[in-house]
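Chain naming follows the written order as A, B, C and D, and within any one chain the residues start at number 1.
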Amino acid sequence: MSSEALSRIRRDLHAHPERGWCEFRTSSLVADRLDELGFEVRVGPDVVDPTTEARRPEPAELERAAQRAVGEGADPDLVERMAGGLTGVVGSLERGGGPTVGVRVDMDALPVEEAQDDHLPADEGFRSTHAGEMHACAHDGHTAIGLGLAERVASDEGFDGTLKLFFQPAEEGLGGGRAMAAGGELDDVDAFVAIHLGLGVPTGTVVSGVEFLTAGAMDVTFGGRSAHAAAAPEEGASALHAAASATCAIQAIPRHSEGITRVNVGRLDAGTASNVIPERAVMEVEVRGESDALYEYARERAIRAIEGAAHTHGVSAEIERRARAVSVPHRPAFAERVAEVVSVIETVEHVESHRLVSGSEDACFLQRRVRDHGGEATYVVVGADLAGPHHAGTFDFDERALSIGVDALARVAREIASEGVEG
Amino acid sequence: MSSEALSRIRRDLHAHPERGWCEFRTSSLVADRLDELGFEVRVGPDVVDPTTEARRPEPAELERAAQRAVGEGADPDLVERMAGGLTGVVGSLERGGGPTVGVRVDMDALPVEEAQDDHLPADEGFRSTHAGEMHACAHDGHTAIGLGLAERVASDEGFDGTLKLFFQPAEEGLGGGRAMAAGGELDDVDAFVAIHLGLGVPTGTVVSGVEFLTAGAMDVTFGGRSAHAAAAPEEGASALHAAASATCAIQAIPRHSEGITRVNVGRLDAGTASNVIPERAVMEVEVRGESDALYEYARERAIRAIEGAAHTHGVSAEIERRARAVSVPHRPAFAERVAEVVSVIETVEHVESHRLVSGSEDACFLQRRVRDHGGEATYVVVGADLAGPHHAGTFDFDERALSIGVDALARVAREIASEGVEG
Amino acid sequence: MSSEALSRIRRDLHAHPERGWCEFRTSSLVADRLDELGFEVRVGPDVVDPTTEARRPEPAELERAAQRAVGEGADPDLVERMAGGLTGVVGSLERGGGPTVGVRVDMDALPVEEAQDDHLPADEGFRSTHAGEMHACAHDGHTAIGLGLAERVASDEGFDGTLKLFFQPAEEGLGGGRAMAAGGELDDVDAFVAIHLGLGVPTGTVVSGVEFLTAGAMDVTFGGRSAHAAAAPEEGASALHAAASATCAIQAIPRHSEGITRVNVGRLDAGTASNVIPERAVMEVEVRGESDALYEYARERAIRAIEGAAHTHGVSAEIERRARAVSVPHRPAFAERVAEVVSVIETVEHVESHRLVSGSEDACFLQRRVRDHGGEATYVVVGADLAGPHHAGTFDFDERALSIGVDALARVAREIASEGVEG
Amino acid sequence: MSSEALSRIRRDLHAHPERGWCEFRTSSLVADRLDELGFEVRVGPDVVDPTTEARRPEPAELERAAQRAVGEGADPDLVERMAGGLTGVVGSLERGGGPTVGVRVDMDALPVEEAQDDHLPADEGFRSTHAGEMHACAHDGHTAIGLGLAERVASDEGFDGTLKLFFQPAEEGLGGGRAMAAGGELDDVDAFVAIHLGLGVPTGTVVSGVEFLTAGAMDVTFGGRSAHAAAAPEEGASALHAAASATCAIQAIPRHSEGITRVNVGRLDAGTASNVIPERAVMEVEVRGESDALYEYARERAIRAIEGAAHTHGVSAEIERRARAVSVPHRPAFAERVAEVVSVIETVEHVESHRLVSGSEDACFLQRRVRDHGGEATYVVVGADLAGPHHAGTFDFDERALSIGVDALARVAREIASEGVEG
């Protein structure tokens, strides 16, 4: 696939972002294309387990998303097969007796309003057409790379193995990785690579052996007592005030000398009107750590902050945990093998085989599943210069990275198919 | 009207609460009934000025409310005449040459979820059928009293003047009083009474000459910078954190030794997801004071708190003010006249002619308009025992107060019509 | 005593302020003068009970204060008799068979640095000579009035009763009132008056029947864990941070619709150096309420705020309560009697017989003791225009009030002695 | 010197800790011993520049410290020569024509209360005899190593160069390093080593090439308005409340993805009494960063937090900066040379030649001075197992490290003297 074609696919996806578990149009487009290329395609409950811990939208929202997808060109039959938000596609192409190489890309967008000014997607006409949703983490590019790789390998006479492509839904803290891992399709994969664009790595550099932070989110609900704010302030117990106090305390969790920790209060919705003492506040908190121990340190302090604020303000606090991502231990051999293979590509100027990235990834669940079944797995960042930070409305990436990504993965797939996992 | 009939009307309204500027069903029902009773009826732009400072819902929400009202029995023609949220009804009944007596009741509900357990409206089957909306401030009762008064005076042969009833929309901080005052229908009123049930006054007591707090709300929007919470926390500027800090500071504005002040952060909506640093926070703040000076004291400190938090967190803050209500100077003579008239009613055990209530009321704008045109005006609280505080989901009032309210107002109307405003 | 003489005494005291339980020089001067005038004088353990709840300075500080007093003219014998901080003087003058009239004035200064510029005491040369101590609440004036009254009554041939003067130490939250009440000297008093200058009442006005707020202080000690702030922030638990959080929460205790409440974090000392995580923080908190119930409301919320902050930050919190002052029920008859007597004085332009002042007073303990033994008691404010607020470095009062105070009390004493307590 | 003798010296110093600029007894003891060993000794203004930015105690406190030192055995003449807090000693021993080797140790203690229970110094009888002061950062050990090295080299016939020992005062954020660097005695040093015990490195390991964080402290003074907390809360402006708000915001400065940052509010003193609104608050804040840019990031945010809190609470804020320590660029060659030399020592099990330690050090100023004059300089950590964290009351170190330190430095000195700086 030409770099123009890759860019076209990516820009179409960019203009039609879909949040996690709502990737009906994206999945439909992917499944159709894989089918055309001769892949055996599975979707919906065949590839994602509907019973794992996940955060799916309300049925009404799923329904609206499904209808929008159909209105924007999705295949109604496929959308029907993914009913209830079971988006996700696995495509398999068997070519000779070599090992099975698995590659995972993710497809979901974020609840971010895309920038309008000084922003290439706006200038070039592919800005998000969905208000309040945006591909602000390059998953549109990942999906395009996945389709580019499918085409490349399908037409690569020298590929002598099985390629299995995993188009994963709901990576952004919503449980997609867990659900796809539990789907079982990874169990026969011998060598597995998950990818990401950007993450601070410049165009032309490729890094394998990438490690992430352990991360978890908490949905906190404070329950207070409403009252007329002027007539009886003493009869109320402000859930909003409690949440504000908890926010100040959580953001101030001390740094840890042994490594990276992160804290964020990412959402707070509380109260209804200026003259009513708010009786309910809902808060989303996230903590991360370079190790499970550092994550636990931050999590335990966040819980104490929530409990302390609740006590102070005389409100209740319910904490629902969502384990988002765990660390996967670094295994140098396979990471170095991948780096070495990639290093010969012309457009790759620099390779590395180990790096800690201070984000988190639910590809961890897929990597672990592969390893549990005897396979090898690594995580690769394909460098891409960025116009704005990940998750910001100004985010955009250098599209030259799309070809580099396809080149790198195609090379890795062919090499492993020919030479075996251990080389 | 029997107390059973009053209760029936009130309970029907209670089951179908409508927020400010959305009182399509309520206004329709009122207009129809006044028309039946022989009143000359005016609605919509004839009685509320659409150009005054107000806080109307989005068009889509108004449209949904209008459709719901029609679905629940409102007259589609009347709803059409109130298009754009110009709810509000004025009914006028001329009977002889005496003075024009104006009475104002309000009709809007609150964004409060009604209680389910140990709550009479739930037990007796008239709990709100609109999720998240509730008559938690007795305006259902006020409207019922207004209709009861209409019927009573219409059949009172001894009434020798003009009765003008003002069914006001959007009292709860939304600008309805200002709009109805500007509508011009008050300019020929000689004596004016606005009423409220409850407010800490027990069933059997009636208080005239009630004064309220000066009050104002602010809509605050903090604008920060979003970023990936783990990958680049330093690139973000959390609007949520700024709003939380401002909340803590606003709630801590010092008391004032010269009188009552009130502060409340009543709503805060910020951020989108746990792993994104929130770039936008919207906050509703309210301050009140026993005098304009005390109100200004609190308001000025709240603004400083917002500015200080914005500076600390490197975010912008836009403050949009909504002046809610002002104090109306106490004029003892008319208040005492009303108290005296009311004191002879059998079910009234106790009367007072002056009290400060620590809430606010936009009837102030109507009272002031009447006085500016040479009329007299006072505010009357009809006592009612309460099951829970005003604005809380457990709020309910003693329905015996409905008849007392009708009796009191009918007596006042007849007396003034016969004896003149000054008695 | 001429108004010049009164002013001279007051200015001498003003220049030599002594904090609670350290009024060695003041007490010595008072005792000597009363003795000269023929009063029977008692000091130290004879008039203050050393066993009641009180807050005395450390022995070393008492010793320094005692030495300073001697250096500034106090009688060493008297200072010795007040060893351990048992300052306080009672003088008794028996003249005929009428009732015993008790009058109480207080003598202690505050830990406030006196203003230097645009400040009359500085301009006229009687600014405090004790760094960090100041008569910023007019107790210097009270003591001067007490001595003026002693002289006036001593030379008043028409006085036919017993005058008992109570010069009380340590009024400013330190337990002096409680100790003097327990001392027993009040038990034979038939009519009792305690006084204060200023408090928002202008020169020329005198108010009897003054009520105060119930008040209590808490000494809070947070205990955390110190650690190197850079090398191991996670090993520390900042007592300072916990105290800061508690401060923000205490200052934000909601107002109460039923009356006045007050909250203040008046002192916070925490930590030792910028690079050590603070393991200890000491905080002084005060809450007040218009009634015992309102006081309890505020106190209970303050305790919750302290506990919540301790939980959040993983530190311990010890709370030691000091009950400062309670409300004394208003008894109109005696208050009106006093107001009536005072109203005939030429320099008194206006009298009132009931007012709520939003401060607190430990004269409450003396008033209660008198009433418990069958006497009458009231509290009188002698109005005085002020240059700055009470407890501020800019505080100063109009010295014309000194003569008014002496006139008023002398008149009350003579009247009650002649006509009896009930008139 | 035997390890028993080293331990004896260290324990004597431990029992008599002296804070920065007050090391009169320590300096006196050091100067006397160096003199005995044949060193040329310089003290006071000859070795520390009194004009550099520094934080010296008040004269009265210096005087008390000097008297205490004399009372505990210091030589009065030496104490006199260090008047005004110019503690600090340089000893020089010339032996042949080789290079000049400089070694720096620091001598000051911390304002920390030493633990009593389960604490070896308490159990073995050398707990601090100075209440509130403690050697909680091993400077007692550093001084002992300096004296042990002096004795070892003095008796080492094979040493063929000049040894210059720098006993530095006031390392703990007080400006001692800057003052000693400016003193000029370093300008002829060819090779320089500064040392520290512990810092997370275990006994038996020695690390050269140690880098530290850039660090700076701020002394913040908030100026508000005092008022009577009950009578006129609106007239006050609480400096304490402002400082508490600033604390919460400073502790919550976001982490930076590019490296280590640190923040700490280490001291807060505010207010005077529970019933006075505090008009003054003094706060010590410290920020650090792995690079100057990260330090500036944290510093700029801390300043914004202080300014924001001041604005919110209507108080003034003065910020006085103290630059504590800067990073010194890593120069591998000399660090590796030192590591290599040390590696042959029997009791050293493990050496490293580069490490980042997340504390700060004002040895940076000495290292830089040496390099500016053409010399080489490195920082060495002599590993020591610890009983509690640095700067905590439970701190203690494994005394076996004392001999290791002397061995390592003696070996480095001899080797450089013989073979030259570059080996």
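Here, a residue touches a chain if its C-beta (ideal position, glycine included) is under 8 Å from a C-beta of that chain, and two chains touch if they have at least 3 such contacts.
If you're wondering where the values come from, they're calculated on a predicted model, not measured in any experiment.
Common partners of chain B and chain D, by the touch rule above, are A, C. With centres defined by CA atoms alone, the chain at the far end from chain D is B.
Separation between the centroids of chain A and chain B, computed from CA atoms only, is 47 Å.
Centre-to-centre separation of chain A and chain C, using mean CA positions: 66 Å. Taken residue by residue, chain A touches two or more other chains at 200, 230-233, 236, 238, 241, 245, 248-249, 251-252, 254-255, 257, 262, 358, whereas all remaining positions touch fewer. For chain B in complex with chain A, the residues that touch the partner chain are 110-112, 132, 137, 172-173, 199-200, 213, 215, 217-218, 225-233, 235-236, 238, 240-241, 243-245, 247-248, 251, 262, 264-279, 281, 284-286, 288, 357-360, 389-393. Of all residues in chain C, those touching chain B in their complex are 200, 248-249, 251-252, 254-255, 257, 260-262, 358. Taken together, the chain C residues at the contact with chain A in this complex read 230-234, 236, 238, 241, 245, 248-249, 252, 254-258, 297, 301, 304-305, 307-314.
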